[in-house]
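Each structure below appears as structure tokens.
Shared between the two complexes below is chain A, which has chain B as its partner in the first and chain C in the second.
Coming up: the complex of A and B.
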């Protein structure tokens, strides 16, 4: 008798399925794809920040040999508005509002010819008054960025909170507003023993995906459109492309080649995508349009820059009393997802800690600057930066240890916050104590305080910050679901067709793992198909740290249906009750003894090639039990919530202002670890991304122009600066999560800037509320020197 | 304009002949030339002259009691060379702050010198080492050489004393005095892969809490990498007590002529010059 022991893949260290291909350079990204007859598209962007287009002459460009099409707005009369705000056309006809604005586009035999053609296009501009300081956008007499009616007119009749503004609001440069309130902040303030009130300034950074933006658009002779696209949201974009192009969505197919990183940047539709389609339509040839790195810096979205004022109060014993938050979002020239980051920001303001009274207001204003999109953490880095610095400030004023201050106000499992979030599982308290103990936070914090005034130019300090983020999807769209189709072939090989896209986060591997766990098959018996809207079932897209949770539950659902079918058939064949059978290592076994009764493959063939004539194929659609927010932004939008605490240890050189990160200790409530190798990688990557946001990365935008569009002067963290990391997992076993897991994709980046700010303050006694902590800025703060007048 | 002709001569004489004909761009490692031409800051001439096959531009060898470093030596070769490491350590140290491994394998010393960036990583140590540029030309059918002290070689950002028909063949370094010690500092967020906000080279013969025969140079604080002669004079014979170190560092702060740019303000650059000169001299005093 062959006995097969029970085993599990959960929590194991599993290499990503696509790792061999990627590590050996075999992966074919959109850059590597070339279709027969393909032309290369290139875009002419505005030479001005804000101007009317008086005249465009493309005749010389059209005459250049090798050029197949040159398009301006005049050549594409059927253009429709696109993006979150529906406030721009792909090709700008009468006016440019930023330097990324698309003025003309070329399709040519080679990239070089396309570039040469762009240089031959003559554009005559008439400059308009420029608005690049968001704090001046609402002043009377400020230049108006929008206010024209785009065709067709905006469907929004009046300015609703959280909805793009209407034409009237646009005439006052208001793109969007958000208002939220709970309790009575005046009452909260009245019962406060201490109040802190600060301004925080959050800067521009950008995603720096290794794979830059790119698309190939191709029409067949029946008029069907295929897009080879890097999008993170293929199913939503299928519909949006149809609207923009006036096409039947059923005739649009989106194929995603392996995506070289998204981090939120590929969550909106951008002008280059329909422009590639226009060029393909005009030439009858496939058109490939891939950004250069410089173009990626200038014309892909940024993280949302924010000017934030936060007022917080507490009682003598440390209990929080109220928070008032007002933000000014620099929307840039157009409205993308950046403007909607208040959805997440207000959650941190209202619910990271228990606060009875709270109000939140955002105004997102149009300027002539680059526009912000979605970026890992989605406003939470900005909100956490302010909230967690004020937790330290309040603690200091009250003479309470910062850890104690947080523990006193920490959320607990079972809590329903005034904003309506229900924390069925909540590991915040364990995160706080685990990170503090593992890092020696209390002792180091006290020691650094005592050494602040000691001689020497190297100052050590330690800082902590915690975070709350959605970990069970986010019900923003009508559905937050994901579909799965699962088929098992005659050899017990599974093809998992899922709507959930792989963008480098490792979803493919974890979904395969979850299916193997249900079906008792090895990992190499699964093929994941996840990149073709003609094949895979619907999914809302990769955002909100939702893929493992939502896609995972969907895959598990499909696998369980298959398992039920298999066991029912096996029970008949073996003459054993279904409940006594299990699937292990590709076999049907007796659950109690592990005795192998038959191979799974043989059973499947016996179903297929018999009078039963049955194939095992199942489908499942998972919709999380979360709720949409009401008009007041209240509601339990996620099926689970993720928590984390990170402790950052820094060394500050007071002679130079250089801040070095020495060590990061993280404790993350991830529900349950599914793939230990994958989650470690995701957390380490997030920490480094958060480190870049805090200390090195700065997209310098002066007068609407990006001054450092390249990796020479846009400084990513490189290997030598990466700190030692000590990561702990808090497993709260979420009841709704797949095998107990919660989403974790965004979480690790969120605390870093806040914790670093607190660590710098602990080291030096100087609190800096203005990111990033680049050497000159830190040096000025340490030496109380004013910022210099701008160079002429 | 596109490149129409490409030349890869195998002798110095042939290379100089091409140069004399004019309308050529010299290519060595290409790590500065290619990005600059891509960004439109350099217009490539009609002819592209690849000098990498010219043997006279290669090698690191003892000469005149010092060393002759061929212009084609890469940063990686300099870092590994025993002669350089033993007697000219400050140069090897600067190479260790130079860009990335890939760029160090391609970028040449001659290219770094001729590119004449005020922030060029090797220029400050070369100034501290009293380097000379060995230039060759062929004005009348015969190869001629001349030497120019590096302190007189740079005339502005990207501009040098090299005539259009001259090729930089080598950098010559005299043997430093006995007991000579050099230190290099580069301000930047990252240990390498960074254009320096400023850089400092200090060399001399320490003894009796003083720094004899002091040589001080700064990068990225003036239109050219500069020797700070007033600072050097202030050091000569001075006992480096705390007050003197402060005074010398203040002279250095006054002597540099930085500008505001995307990497740092002039004010911050002066502060760095003061603080780090003070720190480096303090280290000498306590050594």
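Coming up: the complex of A and C.
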């Protein structure tokens, strides 16, 4: 008798399935693909920040040998507005509103010819008054960025919170507004013993995906369009491309080659994508359009810059009483996802800690600056930066230990917040205590306070910050679901067709693991197909830390259906009750003894080649039990919520202003660890991305122009600069999560800037509310603080 | 055409002849002329290391080298490095240690690590970090890349 013991892949260190190809250079990204007959597309961008286009002359460009098409807005009268706000056309015809604006495009036989053709295009501009300071956008007489209504006739006759503004709002430079309220903030303030009130300034950073943006568009003879695209939301884009191009969505196929980094940057459609389609249509040839790195810096989205005022109060015992948050979002010239970051920001303001009274307001204003998209954390880095600094400020004013202050206000499992979020599992308390104990937070905090005035220019300090983020999807679209098709062949090899996209985060591997867990097969018996809208079932996209949770539950659902079918057939063959059977290591076994009864492959063949000839193929669509927010932004938008606390230890050189991150101790409520190697990688990468946001990265935009469009001057963190990391996983075993897991892709980046700010303050006594903490800024802050106060 | 030139060099162990433009980078030659797309473009100015190859035993950003300067030299790219024991160990270690996420920087880091480990056979973790400080990675936070290089340095060939 062969006995097969029970085994599990959950929680183990599983190498990514796509890693061998990637480590040996065999993976073909969009940049590496060339189709027969392919032309190269290139875009002429605006030379002005804000101007009317008086004249465009493309005759010299068209005459250049090797040029197949030169297009301006006049050549594509059928183009329609695109993006979240539907407030821009792919090719701009009458007016440019930012330096990234697309004025003309060329398709040529080589990249070099395309570039040479761009240089031959003559554009005559008439400059308009420029608006680059968002705080001046609402002033009477400010230059108007969108005077005309580009959008199709809208049923909205007034501005609705959380929806793009209409033409009237645009004439006042208002792109979007958000308002949220709970309780009575005046009553909250009246019962406060202390109140803090500060302005915070959050800067521009950008994704810096190592693989630059690119797309290949091709039409077949029947008019079907295939896009080889880096999108993170293939099914939403299929529909949106159809709208922009006036096509039947059924004739659009999106294939996603492996993606060289996403981080939220590929959630919206950007003009270059329909422009590549226009060029393909005009030439009848496949057109490949790939950015240079400089273009990537100038013409891809940024993280949302925010000017934020926060006012918070607490009672003497540390209990929070109220919060009032107002933000001014610099929308840039057009509306993409950056404008909608308040959806996430208000959750942190209202519900990271228990606050009875709260109000939140955002105005997103148009300027001639670059426009912001979604970026890992989606507004939460900005909100957490303010909230967690004020937690320290309140604690200091009250003479309470900052950890104690947080524990006193921490959310608990079972809580339903005034905003409607239901925390079925909540590890915040364990995150706080674990991170504090593992880092020696209390002792180090006290020691640093005592040493602030001691001699020496190298000051150590610790700071902590916690975060709340969706961990079970986010129901912002009509559906937040994911579909799976699963088939098992005659040799017990599974093909898992999933709507969930892989962007390097490792979803493909986790989904395969979850299927193996159900079907008792080895990891190499699973092939994941996840990149072709003609094959894979619908999914809303890879965003909001949702893929492991939603795609995972969908894959488990399909696998369980297959398992039920297999066990029912096996029970008949073996003459054993279904409930007494299990699948292990590619065999049907007796659950109690582990006795192997038959191989899975043999059973499948006997099903297939029988009188009732049958294949094992299943489908499953998982829709999380979350709800849409109502018009007041209340609702349980996620099926689970992720929590974390990070403690950052810094060394500040007070002579130079250099801030060095020494150590990060993180405690993350991840529900359950599925792939330890993968989740560690997500946390470590997120910590360093958060470090960059806090300390080194700064996209300098002056008068609407990006001044540092390259890695020489835009400083990403390099290997020698990373802190020591000590990461702890809090496993709260979420009841809805796949095997208990929650989504955590965005979480690790969120706390870093806030915790670093608190650590700098602990080390030096100086609080800086303006990111990033570059040497110059820190030096000026330290030395201004040290100077005697000026007479009024 | 006068601005083209024919050059000869050794590429991944094979004597190779290529016709290249005078203004072409070694990176463009590898990708567009030789069809070897494992070497990546990510910045074009020697700042990110994604295009790292080994030329006569030295790691080079191929975007900063003219193709014509490859004449009579010995080039190793990611497509060839796995045939050498250290290269194969590195590729395996990058997989096993979780050093690969989106993977776009990975070929360049493997090439740099190969060159650097040959000169520093028993490195500390801090030394490894300095050895790859010219390679940018946006996904991993470098920890697992250092793990992989450390593991490859210890494993027997």
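Miscellaneous remarks
Heads up, the rule we're going with is that the second predicted complex is superposed on the first by the 779 of 792 C-alpha atoms of A that agree within 3 Å, B and C clash if a C-alpha of one lies under 4 Å from a C-alpha of the other, contacts with A are read in each partner's own complex, and residues count from 1 in each chain.
Note that in this section a contact is a pair of C-beta atoms (placed from the backbone, for glycine too) under 8 Å apart; a residue touches a chain by one contact, two chains touch by 3 or more.
Note that this is a predicted model, so its numbers are computed, not measured.
After overlaying the two complexes on the shared chain, residue contacts for A:707 are found with chain B alone; chain C is out of touch. Touch criterion not met for A:599: it reaches neither chain B nor chain C.
Of the two partner chains placed by superposition, only chain B is touched by A:658; chain C is not. Contact with chain B, but none with chain C, is seen for A:696 once the two complexes are overlaid on the shared chain. In the superposition on chain A, contact is made by A:718 with both chain B and chain C.
Legend: residue contacts after superposition of the two complexes on their common chain; A:23 is shown touching chain C, with no touch to chain B. Note on chain A: of its two partners chain C and chain B, the one contacting more of its residues is C.
In the superposition on chain A, contact of A:495 is made with neither chain B nor chain C. With both structures placed on the common chain, the touch criterion links A:457 to chain B but leaves chain C unconnected. Using the contact criterion defined above for the overlaid structures, shared-chain residue A:527 touches neither chain B nor chain C, since it reaches no partner. Residues common to the contacts of chain A with chain B and with chain C across the two structures: 712, 718, 720.
Chain C makes touch with chain A in their complex at residues 31, 36-45, 47-48, 50, 77-79, 82, 90-91, 94-107, 110, 126, 128-130, 132-146. Residues 13, 15-16, 18-29, 31-32, 207-212, 258-263, 292-293, 503-506, 677-678, 680-681, 684-689, 710-712, 716, 718-720, 722, 725 of chain A are the ones that touch chain C when the two sit in their complex.
Chain A contributes residues 457, 655-658, 695-696, 700, 707-708, 712-713, 715, 718, 720-721, 774-776, 779-780, 783, 785, 788, 790-791 to its touches with chain B in the complex. By the touch criterion stated above, chain B contacts chain A in their complex at residues 187, 189-195, 197, 259-268, 271-272, 275-276, 279.
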